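Before any comments, here is the structure.
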């Protein structure tokens, strides 16, 4: 997949010709290409929320993120990264799912990503609830555990629910560590907050070696030092960016299943993401956008914009790897 | 359970003393009583939508139906049935569920209803999606198949989805017939409409002997003849009333998962229900109220009012059985 | 006030010059005139819901009805009545109110209408909750009791609430009869429905001689016979039209405090109103539009349109009286 | 274009494999095909509301109608028409528009439809405001005037606005008659209602020979006689179906720019459309769905369902022409 | 009331067994206990907004705060306070009110709280509008004036409205000082802002000795110095925490009657509250959550979370007093 | 126009007599005065969004800003400016527009403002989209170019769209510079952000000499230094304040056509505006409030409050000029 890139790359529809409200909405108004070998970065929807223990709705996330991604333009105004110059990017459509059978859904999702990974494409996904990250990891991190920059209100390292259920959107990263997919020592969690079930809730995250930056610590550290700490933890190895929109305050992202007040602002989130440029980023996702709870549409707009921010990082990382 | 009833029965909170927006909301503002032997009619929530193949949200139905049921008063203005005089009625809380494991959820629900049934109480349930009716039937119709008056836009007699999944909110009544719980010859479906997958969609319903009154036939028959036909089909045997709010037009009930335009008005639905007085009714439910899609709250109000209509029927049937 | 009318009458802003969304919104886009002697028909807002026992919000009714009344044009498409040719009509602004003192509010409202009445102007009001009709009656019906065509889901002839409170939006017409303002034998109530507190709820209405047409009777009579019955009851005497928007089904008018399903359609309501042409109409109101519960704005649109329907009736009656 | 059709025709995505909330939304979940010669019936969005004199928003109509069209299945449950068996149908994307230059937009739209028409494809469009029908007519009715079955609250035969502007969504059918595109004697308008500017508003429609069935006349005629009258007017010639969703009551379709209460129910609208089977139908549109005013999404659902109803008619007409 | 506490205390429903959307919603999912002697801290709803001079709706606050409080867990993630270990806490239901008689409502509320106070329970209330704090003070501060930490956009020390009305939600703290219930010298107001009626608006607050920290001063001081100042003012005496959600910016809390832009963030509010640990806190309330204006539900979520924050403070203070 | 001002100036309706939800809504509840010679500061609505390339709706801005401006009181709580003491201020109604002809609309708006300017009144406008500022400039800056403090997410200095269209809401300030109305060297833009079409997007703004303070620079500078820079750029000359509400983060102002996440908070915006006191301010506007996308009404509240902030600045500047 180390093909040359440039002006023949897929390009978004031009908003000075086709207005933003026009045309069938794909991610970033890019072409819909189903063949992963034709892209460097694959934008993928995972319309599934079968792991949700409280308010469902993230199954509708990909459609509304696609809708709102029509607002995105072509160049990042701060980093000046032009992702469609640096990489071949397209909308690969949605991963297959099963809304009524959790275990089957996990398999279908993994299978889809395995093909994308085999084709050498880097996945950037729109969830869906946070459990989707587990089958993605199973597809892309089989050979060696990866690091992760994880934005979230919740650690998602719980053990089980409703008796003995191991797989919910509250458990993916415990499972990922247990399965050897995620390296906890190269994992940083940012924005964690909210009341807890017991004093032991964070035990797994902390004992396994994850670096947990609670919202309160973030408020003290500020953006720059948090970036430095995240970079220190992730190091040089392959790293994934997983962004649960409930890491942001629900004034900005009301459309999510488990909102917690007192979160990040979107400006802070953007600054944090921009600080990750230069890491060896190999994938990313934006999850837990839940349109039925998103009356203003702002959550989907935040989701689309964060996808664009991560896309710029991935395109830059992709170009760096090509030029190495 | 043939105890005398009357003024010592549980009564709703008095709205001339505690305003309707006050107090913790139970069904009909009745006491919360967890012991089924203390009631004749058990009002039960089933906060579960794990069988939903499209838009989830019915898991939130019981809470909002309880909220809106505060509008209900004590006597039916047409039939003059005073249900709390005729029967001991209470809110029994919610059946246990499991939002991430369909098969486990079906078992938990069945178990709860088995206890209610064993105590001799008649259940009136607020869903939840329509698959909840299957475990209810497993609990109350084990000994002999029952008849059903079924209001719905869809026949819910599909076979399977997403590969080989037998249990979704589109399949409960095929399963119920196959399991010997539902007598198709004593089953009438009213309000069926909407585009279909193929010309064979209604094959099971029709071949098994269900009487399907499409919306178009209803428009021609009118209310009175439809009632007569429903009574003819149900006959004298034990009969259940299952009301999917998508049987009603989505102008009235937008908050549902699979809306179909061109449905019943609420006035027609009320008239149809009132026409069932005198049947041997042994239970009922109102399902598919989905609050995240119910911006005006009207769907939950319709749900609560239909529950009150059915409650009057059940209280009357209960009193008749007692007096036999 | 038997002045000649015609082309010098106040006229609405022209929508082919100033678009409907432009300009400060007055009722029907008419001039704002504070002097009642300058008009034949006074359009008045009563932004008050202090008599509301459940969901407040009708205090915001006049503003949103004014907003939506920008949709109204100048001539009735069926009766061809051109109200602004027949009568001098203007927006007189809002009656003074007191949101925190019920008894003071009733006095302020009565005082305002007394001046309007003394000037010879016929009032057409936008509520506010239904208790506002009582002080209006005190101002305009002091000399002799009047008749009423009353559209509503509720009879509003209850006695007291919350201990000994005599004045709520559930009691105005019992009070009006007791005070000799309303002639119950010339009163007809249309659309009454919904569960009741006890079998005696309608006792006052029925014993006093009001003609109560329940929704169920209306469904059987149909529009034409209901009109005939209303005209028979009202007879030749002075008659007031009071329209509580909850008389209409909440699919059409969700934005109201005490919705009851199974109500009139707007088309039926319009046909019923049109059937009142020729009666000696001396005032009217549209009440219980509650914008905080009116997400689509449709309730305010219904309110504005019903005001226009009644305005045409009043202008016609006014012209007839002038020509007698 | 008289190619054989059948099982190789484009087919919708299968909802038993890909859930309805999944995949990039095209009309009816059909393939996106940009070459009109490959289809018999072209589903086209026209995201433009530049002719709107009051509340804009219909520019967002095609996206939301596409979203909601995921609810549609493959066979009509009453007529049993299976449109994808009878014809090759696909989503051709959106016509080009210009949101800030009305005259340029009309030209762009006409040019797009001219190509579709030249390819022999029958267009079925989702607006956009009602002015879009004018450039469509310019493209498809150049050779001879066509007939029209027109559902609407408004006649749309006004002359000019805001000085001398000839082109707004209130004028298309006067222009179409003047330009010789529309045969007024073969035009029927159903559902017309609402207050009017003056007694002369309907003069053009009536003098030119259009058959105007006001809502009030429809209420008396009923569905069957209205169908008969529409068929009589349209006769054997080529006929277009134009459906402005404000023809329906705003309880069903709140999301529209110029709502008028007292309209058709969706069931009536469906029955009326079904009655047009057998006419020589050569195109159709559903216009004035305005998502920013459509809080429940029901207007878009109505729009999508009416498109499916008209699609079945067009597929049937197309098959009949092929078999002639 | 100095009973031992611990594991036999009332506990919330376990969300790993009963999902958060299930069960009848009580505050924090705690048991509903009507006997105040059985609790140390009484969670109470006051569904009343009769003192509201502008937009009503806070009467619906307790229900929605209860709904959203299902999101709360058991332990504070920063202070590690486990309130249900430290104290017996329960939902005591709603105080009695009267929606149509202000003076009667004040008496009913006072009477209810007098019993709670006599039983030795500390009240934590969910309003309702801010006038409810006055009758609470009458019940709990009769013997000696108390101090107050008051979060609000408004000082609520106005004198009268609408003639001579002394009691509105803009006047409670002037009345409380006049009645000797509130010690102004031990009162601090945080977040005050917004345009004022005249330059004298704050005269009473300032002359009486209250410490007013305007939003602008807070922006300069920052969280830590504001906490220090609040602690200095409150000192060692018994102190009440009153939180009007309009103290927070309406981006976070749109659902309130008198929003003022430029307010606190929720994170700032949480930090401020956490800084009050160790004061001799004897009660608290969260008021002015108005669900009809809270389209996203976020205001109720903020209200529920602030209640949990204050509950932790009260449980800690309660345990300290017990251990003194 | 250097008339004495003071207590005979127009005053807002008193909220302690007429509640805020009462009366016909004018800007700030001021009198409606159509004669510009009678005012020093003219509050004007421009209900027009014909230059909008994406989501329309700002045409409804003036009405909702008027509605929400009822929340404003009479004195600024920080600066203590009492605008109605310092100047004669009134609502002059709406400028004439044309929703379907862009060029005609620009002429009508310019003509209206030319009269206001000729009368010596300072305009403060509520848009409408940002293109309205161009005709305002044509009316008030004909003689000499003016400076501008411009709050916005976008520079609005694009060249053309949809072929050769020169006039959209993305181009006004390039046109204003080209026409010699705006002095780019005395222009500062604050809050600029969001992805861009190409690396050259900001070329015109920067080459012409505008001072562009991107959101990222603002985050580093802070409020005080940004104010100092803005004052330095504007200098002593006549200066206009133009506030596009999308300069603020869409969590605060969701109701706008082109939201960009990561923007100003309202508190920052207020502080920035307050820092402009003392400049020679000669007009201002608040634009791009789009009610159809403003579900909570908060955007209109922000718009009304920013208008009040700017009004205080203009009244102060007006008094200073009078006293020079």
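Order as written gives the chain letters A, B, C, D, E and F; numbering starts at 1 within each chain.
By our rule, contacts are C-beta pairs under 8 Å (C-beta built on N, C-alpha and C of every residue); 3 or more make two chains touch, one makes a residue touch a chain.
Chain labels with UniProt names: A, B, C, D, E, F = Agmatinase.
Given the structure is predicted, the values throughout are model-derived calculations rather than measurements.
Visitor: Could you please state the distance in Å, as a whole number, between where the Cα atoms of chain B are centred and where those of chain F are centred?
Guide: A distance of 56 Å separates the two centres.
Visitor: What is the distance, in whole Å, between the centres of chain E and chain F, each centre taken as the mean of its C-alpha atoms?
Guide: 38
Visitor: What are the residue numbers in chain D that touch two or more other chains?
Guide: 17, 19, 21, 53-55, 59-60, 99, 161-162, 249, 251, 293, 295-296
Visitor: Which word fits the touch map of the chains here: line, ring, star, complete or other?
Guide: other
Visitor: For each chain, which other chains does it touch, given as pairs?
Guide: Pairs satisfying the touch definition: A-B, A-D, A-E, A-F, B-C, B-D, B-E, C-D, C-E, C-F, D-F, E-F.
Visitor: Could you pull out which chain E residues touch chain F in their complex?
Guide: 53-55, 160-162, 192-199, 201, 214-216, 219, 249-251, 254-255, 258-263, 293, 295-296
Visitor: List the residues on chain E that touch chain B in their complex, please.
Guide: 17-19, 21-26, 32, 45, 47, 59-60, 62-63, 66-67, 91, 93-94, 96-97, 99
Visitor: Can you list the chain F residues touching chain E in their complex?
Guide: Touch residues, chain F against chain E: 15-17, 19-21, 71-78, 80, 82, 249, 251-252, 265-267, 270-271, 295-298, 301-302, 305, 308.
Visitor: Note which residues of chain A are touching chain B in the complex, please.
Guide: 49-57, 59-60, 98-102, 104, 161-163, 165, 167-168, 292-293
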